[in-house]
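Across the two complexes that follow, chain A remains constant while its partner is chain B and subsequently chain C.
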Partner chain A sequence: MFIVVCLEIGICCLKFAKPTFAQEVSLSISPPITEITIQPGKSFSQTFTVKNDGEPVVIVPAVLPFVPLDKEGHVELVEDQNSVTAFAGWFTFDPAPVSLGTTGSHDYYLKVSPPAGAEEKDYYFTFIAEVQNDNNLGFTNSQSQVRVGANILVNVSKDGNPQKKASIIKFAAPQLIDSFTGLTYEVLIGNSGYSFFKPIGKITVDQIFGSTSVLNLAPLNILVGGEREISCIQGENLIPCKLPGKFLIGIYRSNLSFTIDGNGESVEKQIYTIAFPFTILFGLIIVFIFYRAVRKSKS
Partner chain B sequence: MHSNLKFKIATSLFAYLLTALYAAKLGLFAFSSPVLAQAEITSPNYIIQMPNLNSGAGLPKSTNYNVSTTIGQNAAGLFSSNGYRVKAGFQYIYSIIPFSFTISSVSINLGHLVAQTPSTTTETLTVGSGGAGGYQVKASENHPLKVISSGSTIPDTNCDTSCSESAAGVWSSNSKYGFGFNMSGNDIPGDFINTTYYRQFADRSISESPQIVMSSIYVGTSRQSTITYKVNISGTQRPGIFTNTIMYTAIPSY
Partner chain C sequence: MYQNFSYIMLKRRLTLVGVAVFFVVAFITLTVRLTNIAKGSSLTAASLTMSNSRLSYKAQPTSGAINTSLITISGTTQPDINTGHLFPGDVVCFTDAGQNGCIGNTTYTVDSIVDGTHFNLNTPLTTAVDTSGWVIATQSGTWTIAFTNVAAVPIGGSLTVSIPMADNAKGANGIPDSSTTIASSGFDLGTIGPANVVISGCTPANWGVATIATGSGVVDHLITFTRSSGSCAASTAMVVTIGGPGVINPAPLVAPNHTQGVADVYGVTVTTKDGGGYTLDSAVPRAAPIEAVLVSATVDEALSFQVQGMTSGSPYCGNNASVSASATSIPWGHFTVTNGFVYADQQLTVSTNATSGYVVTLSESDQMGRNGNVCTGSTPSVGNYTFGTATCIRDTTCSPGGCTESVMSDWTDPVGYVGLGYSLASQSGTDAIFWYNQGARIFNAKALADIQGGKTAQAIMSNTGPVNGNSIYVCYKIAVPGTQPSGYYYNIAKYTATATF
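Showing the complex of A and B:
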């Protein structure tokens, strides 16, 4: 009898135990960026593949305009209905919800069709895949909803050669450094033209009476009317623009030089930095003062 | 005199040794090491990708045109005949790598709430941006925790003294009530100084803009953060089942 009662209590506890909902959501989208130059009135179809590596989900697509959020290449989605509706006629895709099982994937065919009267300039969008879920779990909870996006940069141009114009907003490094602190450059490039572009170029560092080093700029997109901090690149890795080497000494002449998308005249700026072993000198001075003080006390 | 000479020698040796040790620590010996512009850099977070042409999904397709993908140079003839020119993926990454985002759990069970006894629970956010020069993840709530039927709410926390959706504050007092979150791990905002710092979620019902919860400008294959949700109620809180939805939007950099 006692055992039966315990079993019944146990079964009741299991029945009313809080349900556990691990439900990992894991989405990926490809390609992460698409850059299109297109004539007004023409059409182009891009395929976006959304893959699910988590629990089964239902996803719906959307295309939202964006504006640059900062100087680091991050986006700010524009989600007010008027802005979204303004471009409704530009995009054709199947908006129906799609069920994705674990490891399932779906190809979205997005047709981009700027109207014939579209103004020749840049337009920026993000293709979004949003997980649908409802919150009827019957207990106090906060539910997570996931959206992943892929950016689409569109330049509308009749001849395919929009005017592009770059300016060096900032190319700077300390003018005087200690030999052991390293030399790091700040590069900020602006776009005052009519189309996004990538700076293709390098920083060439000449050590006066010494060697020459080259830091390659990362070809990052700079949007119209905006500025972007440009890092350097090594292989496929983005790295800070920092001169390698643990000990620097002498005068360094640094020349920033780049072209717009690898074409046309180069844009350049030159700066100078002096590296001196201040810490060693300071250390020697301390030792000398110590030596003099001890000698004085002896005499 | 003899001891004075010994002292001078000892002091000189000391000065030399000090300089030599300092220089040796930094790898400098008798001669400066050459400056290598292309010194190899490795990181546990990055994988150096080998060039690989990806002919799978993601490349442009069209039933009406002969599709070509140009990389690098303009192609004036191609543009005038097709009416467009397309580049897919990042120019400096030779294979098209998907951008991915993972949340460890969709539903955050906040449990049976007891007055002045904070309830916390965590989940993990993971971003793979191997195909992008950076990324960001933004978060916002549709409304504060609310009983849908009655409209009764648990407000967003103001922490012990103050905090907002953009600035974290210390929340350690059990007599301070509300709902908020803390973060730890990779690429999180700098105002989450330790585990006692919390923020409110941006509330879309009062038109607050989504807040950045993870952000980077560099390529990374697996960037992970932990988000801790916390809720605390007063003794006068009306009972009910409180719910809301936190929307996470993950987008690569352009």
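Showing the complex of A and C:
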């Protein structure tokens, strides 16, 4: 009887056992992105709050330049010492390691001060909070080091009105589609100006002699000299720019139009797509051939 | 003589009958009359619902210069003596001492509350404030008064709603009423007209159009419907709606007679009468305006990143972990297995409300150098572990097709293809950049991006929108050749989580 009870308890324990975690590091940083337009020689202060929800850790701060990693808004940190030291004079913050207990947090006060002679253009940085690990554990291992970063987009401008210029690198959709495949757009916008911007606009899809649909572009940052794939936004969610509807037929005129940060002249491009029910036609042909074959065999 | 006597007796009898008839008629008449008066009972189920029960705001400005936007109010002996009941977005206007409308017919919007006696407008004043006047933020709304009559209302009868007003003649000037007591304060009708008052129940068409008698200060506002045809039967539910621009709520009772957060309760009288002006039913539903409460919360944008080590035996990426990992280390320990695979797993979890999402990248400081020696370059100079003069556990190349830090390949041979690599599996969401069994393979792997070797950190997890607890497993895998020189090898793998710009 005792053994049965023990087995039952053991089975229950196994049944409700959750994955076990040896330890965790959990850091958060706020705000994750800061956008500044600032005159050379002036200062701007930002507070970054780093919070620890895991085991007690020691964190050290750093500011690193970054460049766009891809066309999706991801960053590639530039960690070579020359690049880091080139901007050392721009930032003032307490670099001392800080111990954070579980649920502890620390506010870093970062002062951004582009020198008076700084060139008028964009500069991109990431404020990093890095967990300090013990070195040399004494056995073969791969240490994991955790960092969380908040991006800082700095536009240095004397008059606060930098020239912003956008170009449509790609606005594409298939020219001929089946009625059931939907109509998906690729939008790639480039920045050939002197400051980052957000495109504010939409794709207007007119079916010739039919209805009009509107897809709103997501207002995503496009950095200077770069290009970015722009998705659409519906409510709070970023979604692919795809024409809703289960059955498309006829000629569709799609017009991409946006302004830079919601101001100035509209940048536009138009494309056309023909939707035809090829699958239905194909099915009818198959049925017709089958019918002919059956009739022929009977005769 | 006898005839005379009979005549007298007859006359007396007729007189007696007449008197009796008179008394009977009088009795009946009085009974009916008195019965009707006795029916002047309470209307049942009487209630008053205000669509906006917020008190109006009325304070005395003490400063506010032209072309400035900072307003200071008096902190004593006014209906409102602080900014506790004024909120950003409220529309205010300034009056003179006589409350003769908004000065310059101009309204402003409150931009922010500075402190208990100061607030900012979102546009500068076009005229300096009158410091003997008022700053007001009018609150008004629709009233819905419901009740059921006990007595029938005959043709020619009426229904009257009596709304209390302040004891002055400006009961419909659009400026909130105010006073020191409930009895001497009340509601302002503003521009409410007959078309804004509607009655339902008891065949609405049989009530005439509402007549509105604006109060004089001594007499309250009266809204009256007269029964024009067909009596209104007893026990009929009726609703009077006062809409349009709405009834203007009073300001709080003048300090110190009002406590913020406690309603000032006013009685509104509803009365039905017959054609002779006798009261049939009446009730006094209450209107209880009170301060609104500003409910506010600030949600900061944040990026949260969590790394957890998984214990040995954890079954991820198609294999059981051979060693227990911590959040900060993959302790491969002393290799007892050569020419075979060793596995270790970590779990990464990200939450962010940043609208454009996040990315987590992975890189390594260097390949695993013996005693920390530098493994110069990205591939061995000779064989599988010789990097010039240094000895290292190399990054894997996975297969004949080869894998790199950016190209995955199926890694199943621990003898021909040794080294360190990793794969991924999504745990919650689909944020893993690639996954171990993608394309029906067994263990798609990549090498870690070797920073010393000039490689660039690679994205392993990303999303283009806000996420809540999206999670992946990072499954490390190592194979050491049987000839690997003994020693203590290590490197640092670095996870970097950043928001998408």
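Keep in mind that, in the parts below, the second predicted complex is superposed on the first by the 271 of 299 C-alpha atoms of A that agree within 3 Å, B and C clash if a C-alpha of one lies under 4 Å from a C-alpha of the other, contacts with A are read in each partner's own complex, and residues count from 1 in each chain.
Just so we're on the same page, a contact is a pair of C-beta atoms (placed from the backbone, for glycine too) under 8 Å apart; a residue touches a chain by one contact, two chains touch by 3 or more.
These numbers come from a predicted model, not from an experiment.
On the superposed chain A, the two partners chain B and chain C do not both fit; they clash.
In the superposition on chain A, contact is made by A:Gly283 with chain B only, not with chain C. Touched residues of chain A were counted for both chain B and chain C, and B has more of them.
Of the two partner chains, chain B is the only one that A:Ser211 touches; chain C does not reach it.
After overlaying the two complexes on the shared chain, residue contacts for A:Ser297 are found with neither chain B nor chain C.
By the touch criterion stated above, A:Gln39 is placed in contact with chain B alone, chain C being left untouched.
Once the two complexes are laid over each other on the shared chain, residue contacts for A:Thr103 go to neither chain B nor chain C. In the superposed model, A:His74 lies in contact with both chain B and chain C.
When both complexes are overlaid on chain A, the residue A:Thr85 reaches neither chain B nor chain C. Residue contacts after overlaying the shared chain place A:Ser144 against chain B and chain C alike. Common to the chain B and chain C interfaces on chain A are residues 19-33, 49, 51, 53-55, 68-69, 72-75, 77, 124, 126, 128, 133, 137-151, 153, 218, 220-221, 223, 231, 236-238. The residues of chain A lying in touch with chain B in their complex are 18-39, 42-49, 51, 53-55, 68-69, 72-75, 77, 105, 107, 109, 124, 126, 128, 133, 135, 137-151, 153, 159-161, 180, 198, 205, 207, 210-215, 218-221, 223, 229, 231, 233-239, 243-249, 261-263, 279-280, 283-284, 287-288, 290-291, 294-295, 298.
Taken in their complex, chain A has these residues touching chain C: 19-33, 49, 51, 53-55, 66, 68-70, 72-77, 79, 124, 126, 128, 131, 133-134, 136-151, 153, 196, 218, 220-221, 223, 231, 236-238.
Listed in rising order, the residues of chain C touching chain A in the complex are 300-311, 314, 324-335, 346-347, 349, 351-352, 354-359, 361, 364, 368, 372, 393, 420, 451, 456-457, 459, 462, 464-466, 476, 487-501. The residues of chain B lying in touch with chain A in their complex are 4, 7-8, 11, 14-15, 18-19, 22-23, 26-28, 32-39, 41, 43, 46, 48-49, 56-65, 72-74, 76, 79-80, 82-94, 96-113, 123, 126, 128-129, 131-134, 136, 141, 145, 179, 212, 215, 217-219, 229, 241-254.
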